[in-house]
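Each of the next two complexes has chain A plus one other chain: chain B in the first, chain C in the second.
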Partner chain A sequence: MRKPLKLIAAALFFGLFLSACWDMQDIENQNIVTAVIVDKTETGYALYIEVAAIGATAQGQEGAQQSPQNIIIRGEGETYESARKDLENKSNKTLFIGGVQSLIFTEKVAEESIAEYIFRVRQEPLYRKTLRVFVLKGDPMEVLRSSNENNPLIGLAVNENIMSLYESGYALDVNVLDILAGLSCPNKSLVIPTLEMIEDNVGTTGYTVFDNGKAKGFIPAEDAVGLLALTARKFKTTQTLRLRDVDFTVELKRTKKKIKSNREGGGAAFKIEVAFKAFLMYPSRKINVTAEIQSELKALLEEKMKESIIKEIIRATKTYETDYLDLYDVFRIKNAPYCREIDWKEIFPDIKYEASVKVDMKMNERIEYSQGGS
Partner chain B sequence: MSTFKAAQHKALIELRNKGVAHAERTIRLAKCEIKALYVKQIVDTKDLAEFIIKPLIEWNKNEELSASKAVSEIIQAYDVKTDNDMGKIVDYILDGMVVLLLSADDAYIVANIKKVEHRSIPKPEITYTLRGPRDCFTENLDVNLSLIRYRMKDPNLRVDLMTAGKRSKTSVAVIYIEDIANPKIVREIKKRIDALSVDILWGTGELEQMLQNSPADLFTQFGTTERSDWACEALVEGKVLIMVDGGGIAIFLPHTFSETMIACDDRYDNKFFGLFSRIIRYLSLLLALCSSSFYIAMVSFRADILPANFIITIAQMRQSVLFPAIVDVLIIEFLIELMRESMIRVPTKIGPAIGIVGAIVIGQAAIAAGIFSPLLLIIAATSLMASFAIPNYFGSHPFRILKFYLIFATGILGFYGMILALTTIMISLVSANSFGVPYMAPIAPFNLYDFVRSLFFSRAHSKKRMQYQKTIDDTRSDPPTLEEKAKEKNIQLREEE
Partner chain C sequence: MSREVTNRQLVMILVIMLATTAPTFLSKTMAEATEGGFWFAILVTGVIFSLLALLITLLQRKNPGKTLFDHAKDAFGPFWANVIALIYIVFFLLALIFITTDMVSMVSANLLLKTPKWFILFFTLAVSGYGAAKGITNIARLFEIYGFFALTGSVILYVIMLFLGDINYIRPLFVKEDLGRYFGAVWKTAFAFVGLEIITVIPFAKQNKKFPLVSVISTLGIALFYILSVGASIMMIGMEEIRFYKYPVMTAIRQIDIIQIDFLQRFDVVHLFVLLMGANASFMLTSCGGVEYMTKAFPKMKRIIAVLLLTAMAFAGGIFASFFENFHDIAINVLTYYMIFTAFIIPVLLLIFGRRKRNAETA
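Presenting the complex of A and B:
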């Protein structure tokens, strides 16, 4: 009699396991969120999520609007928590936030503070800590509705766009971990890529300067060469120089960045050495590119890049008075005990600096620079 | 004319009463009578007539003939002896010998002119090789021993014949190279074979189970081979080879996990390619064991480990699937095992049809019906192929079972369950031993020399044998004498009586 009972018990036991009563939930039974936009309203906060439409999705969800291949759900509440609950109520399935690629804050939230939501992201185990963060200029709905055949999901499109720009050296890449690192150190701040609608497509138009989680200003993309040259892990840019009535297109790649720091009269002084490799691309008209022209171009480039770098330092020290150039890290490594005595925020606007730029000009072997002509 | 003695009469009557369907041939000589007793189905009757009966008849002198005289001067068979024990006559006859009772002598003659029907030496069926020899063992022990003797001309090669099975009296050959193999292991295996108490023994498969450390062991402590070159390789490495009459597979011990991953061709091929192949095999093992569980963990527990694009793609693929991931995996694994079993047992003529039906049913129809997703089918098929990459076919069987264990563990506890299950498997492997040799040697306990050679073998550059074997002689050239080596290693060669 005991053996049949044991067998029945074993069958029930394994049957229970097969039903997987624990936290198993198949992915197709969840709404995969690809982008989250955090906005501020008059009464509290609004959360917009973009959900990837898998097969035929439910229609008629309260507060949900359907776009081709993506679904936008908006939740609102007095606090982030109530806004999130509102979202959950409006979603027909459990929200899977492990797929979020882009976390976007509107300007209103950026001006108030992004710290609270970033800390929530840190606490939430499913949120990827490497998800990219952006600031949005404009209407969240307009951005989320701009999905098309080429970019069916805005969250993925924006993420891939910034990733490709970053890999090429044309942009900065900021994720949640970077922001958490910045928030943990009051002497440091950071810049976050900013999105805007550009002719029906969403693109990066510049960088928003943040200090202690709050937006302080904006640096347009065309003006951010110095910023990228000093802070990007990879840097590449294309510059146009005018010489002898000819426009020369030059591609620059940073090969060396060295920042030395020392104490000077109760403050800090920095010596910044940056080197680039420049490839001469296209002249606007036929010209014999002689050694003299090359050396003039080189001097022009060095001048231009040095100007950009100094401009960026001035912007950081005088305009925004916040260190988003990571100079504090450089100073602290060499002067750790001294750093404990000083207030970096006070001395930063008055730091001394000296920038030197070297450019190694090379002709692009694949381009034929025509001989003759003027 | 002399007559047979009482004891001989008694033995004859007993033999007739036993009903073993034997034949009797009486030869009447001038001064004595000889009776030949044999079972004609298992005796070479031509040799019997040519080398035993004819010489006896031609001898026919007027003197009494003793057994020893007949053996030394008359009988021309190659394997002849005398015996006095009447009780053994039945055993000799059933073993294919011819027993010659002589009326003038208490002793009788036993001549070995066995003729057992057996197939010619076949090609290997389980372990195919591209470059190595292709002769493999048959069911006849003598043929198998001849294949080994043909390759190994070492005077220290010992073949100890034992008998197992009260009814079948199956011959079991324990083969080893006396000055290499660890004598402790030899003694232990002989002791275990002696201690066997079974009525029949058909092959090494059964013997293996009887000789294991524990009946609950999942991983075998024995290596298996159907190839004579691989058997000789095992002997040279210091292993003890066991062959059973009536079985075409030899087993050898001790055996470790890393040896499961060694294929015959590794010895014959370029050593770098051998290394590459072994790495592929280890990866295949991991794939075969873990891929289905990984799929469950990924789809049902932690989809966030994947990039978002993949998550969406997987969700789209699974949109029309009826079952949860774990049930899906169990269904497909069951179907694959079903196909595996049916293809082994199906008659050759119908085999290809089964393959086609299996492919169509599982591949096309099941996906269309929404039973499982295409991704799962790919994973399961890859896992199946990976399991075939494990060279030792029998060595892969435990992993087929453990795969289900991993699937259940993952289905309950996700990635944590998978790691937990893998940990228990590793603990089990590390704790096991094969006749005193740790099963996970040379990984655990770690030995650099052995570890490098388990991955990267070249006989020309391996002056010593694998150290974990604890052989008497571990050098591959100019070996010292057996006694010298045993003394150096403080090994007792023989048990003191």
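Presenting the complex of A and C:
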């Protein structure tokens, strides 16, 4: 046989095997799971999954032909494994979990522990470790049957919701790997975004504090400014301040976060420096925003932000006594050998801290508020 | 048939031989052994191995156009040359069994979950055998393109991981009190440089005067590549968490979500392709190393027979290895000890005795 013919024959022969051998599965024969909700029952656990019904259409919606409808399946069992088996039994096709976007734990599971399920996710190669994790306050079925303006699949909708908030700097984003990293280091804890039904939509209403895989408390979103300022990769907030009988709405962006640590006696001391850039968005009524007003606003903002940060440190050290602010990392980096000898959990509630906040006040570049009159 | 290679081909051979399989598990080993000081241990090991590469290439330069086997024949006679060839054959065979079974386990655990391991092993060895049958020069030519893609693709991915990961996971980068621990980790890191012995089958071309320098710089470059790979993987997964994964680089790259590139958000698929491409190339080279020594030690044996024999032994060895749960650890230990002979003692002996013989002839 001539060489080109040999090559073509070889290519065709090897081509037979390019469908992943034994692992080949037609997408038509799989149920693509987009969300998993883990709930606790009286006898064990319940798993709710949302399946993207490819080909099915949302009823009564204009232009819904391209949107997959969601199908909900509930499995129950004494263990996670038996609940999963129950799901498989109820599903007419193989469950494909590589498409899961959101992993949601109900409050009941969060209070018991999410560790076992997270370890289950760790060993499962099909699960992406970047999938977002949430805690749910309320009934899983209510959430799964809720509607969303852009995406009928709740798994995708809540994921998009947190991502858009995170990208804007308004929220924290937690994925499975963050939780695994927290679970494998006993000195670390973390907060997980918490979902709730807000009228007909599901949205993020705050953060559940976790210690060693167990929920310890809840921080409402409106009270999480200090938490976000200290832990979010990006941080942005809007604040309304009352000054001279006028409400000033200001947007703040974090520009600097520096945390220094020192050993102090048998404990630890932290010096936290945070800087923000503030933009005056608008006053509630006509006013000439003079340099003096700007300066007063700046002072007010600095005080308010410092208060939020200190409040968060107190909440972490005294209320929940767990380090979800990642202060251990700061201390460990500087005192690695010492950290091997100490019990951080014992030291953490008594840490000393000093916070300083600086605000760089800027006026809105498009509006001239100094012409606002008196 | 000439078996000489150019400098660029030599760089690619070394990169593919060393830097394609070791990164899959090195980050776990380093996280356990050194924590943030991994870069120091890798760098020290890199310097040691670049000196060994220099040693071997200096030996090659003494006798242009000859391989290590030919030096051994000149220095000790055919009997001892054959003994040395056998040592290298066993070494390359063990290395081939180890890297193929390890990669097969990784593919089986992460990608082809239901495909039997024996089938993946068979397929992998068939491809590597085909490469080995073509000889080192043909492989080297192929790797000029192949190696470039494998290396560039990996570097881009690891740099992206640096941006996505958390630097606090790898800090502190140096703890004075841990210096002893870092030096202790050199032994564990040494395994990442197994395969350097491939230089012994590449004869030195007279016009290729920079051969020793290129091999030293390449080995140091590979050490830097390892630092990048280990650092990026730990930054993505976490110092404590990474210890739970046998092949952490797979987990790390699967975390890559580049939301800015909408059409290529799952960039990890590209890396898997690059990784497997590099791994297959590494199998080809290892097979080639073994086959080169077999054809030298048994000159009457046809090259194709040597390829079939080595591939069959590697397949049988791979099946046998699957019965041992801790084969990975056993193989690492055995091969690291073995390397003392193949990368150090034998080249040093040849350098000393070769010089003595030359001096005697001159006198």
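Basically, the second predicted complex is superposed on the first by the 333 of 374 C-alpha atoms of A that agree within 3 Å, B and C clash if a C-alpha of one lies under 4 Å from a C-alpha of the other, contacts with A are read in each partner's own complex, and residues count from 1 in each chain.
Rule of thumb we're sticking to: a residue touches a chain if its C-beta (ideal position, glycine included) is under 8 Å from a C-beta of that chain, and two chains touch if they have at least 3 such contacts.
It should be emphasised that the depicted structure is a prediction, and the values quoted were computed from it without experimental measurement.
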Answer with first, second, both or neither: which of chain B and chain C does A:R128 touch in the superposed model?
-> both
A:G203 contacts which: chain B (first), chain C (second), both, neither?
-> neither
Would you check which partner chain A:L177 touches, where first means chain B only, second means chain C only, and both and neither mean what they say?
-> second
Would you sort A:I32 into first (chain B), second (chain C), both or neither based on which partner it touches?
-> first
Between chain B (first) and chain C (second), which, if any, makes contact with A:G217: first, second, both or neither?
-> neither
Between chain B (first) and chain C (second), which does A:Q101 come into contact with in this model arrangement: first, second, both, or neither?
-> first
Using the touch definition from the top, say if A:D329 reaches chain B (first), chain C (second), both or neither.
-> second
Report for A:G169: first if it touches chain B alone, second if chain C alone, otherwise both or neither.
-> neither
Which parts of chain A are touched by chain B and by chain C alike?
-> 17, 20, 22-23, 126, 128
Across the complex, what residues on chain A touch chain C?
-> 17, 20-23, 122, 125-126, 128-130, 163, 167, 177, 180-181, 184-185, 326, 329, 332-334, 336-337
Listed in rising order, the residues of chain A that touch chain B in the complex are 14, 17-18, 20, 22-28, 30, 32, 34, 52, 54-55, 96, 98-101, 126, 128, 153, 155-156, 159
Which residues of chain B touch chain A in their complex?
-> 299-304, 308-309, 311-312, 314-316, 318-321, 324-327, 330, 408, 411-414
In the complex, chain C touches chain A at residues 35-36, 109-116, 119-120, 123, 168-169, 171-172, 175, 177-178, 236-241, 243-244, 251, 254-255, 257, 259
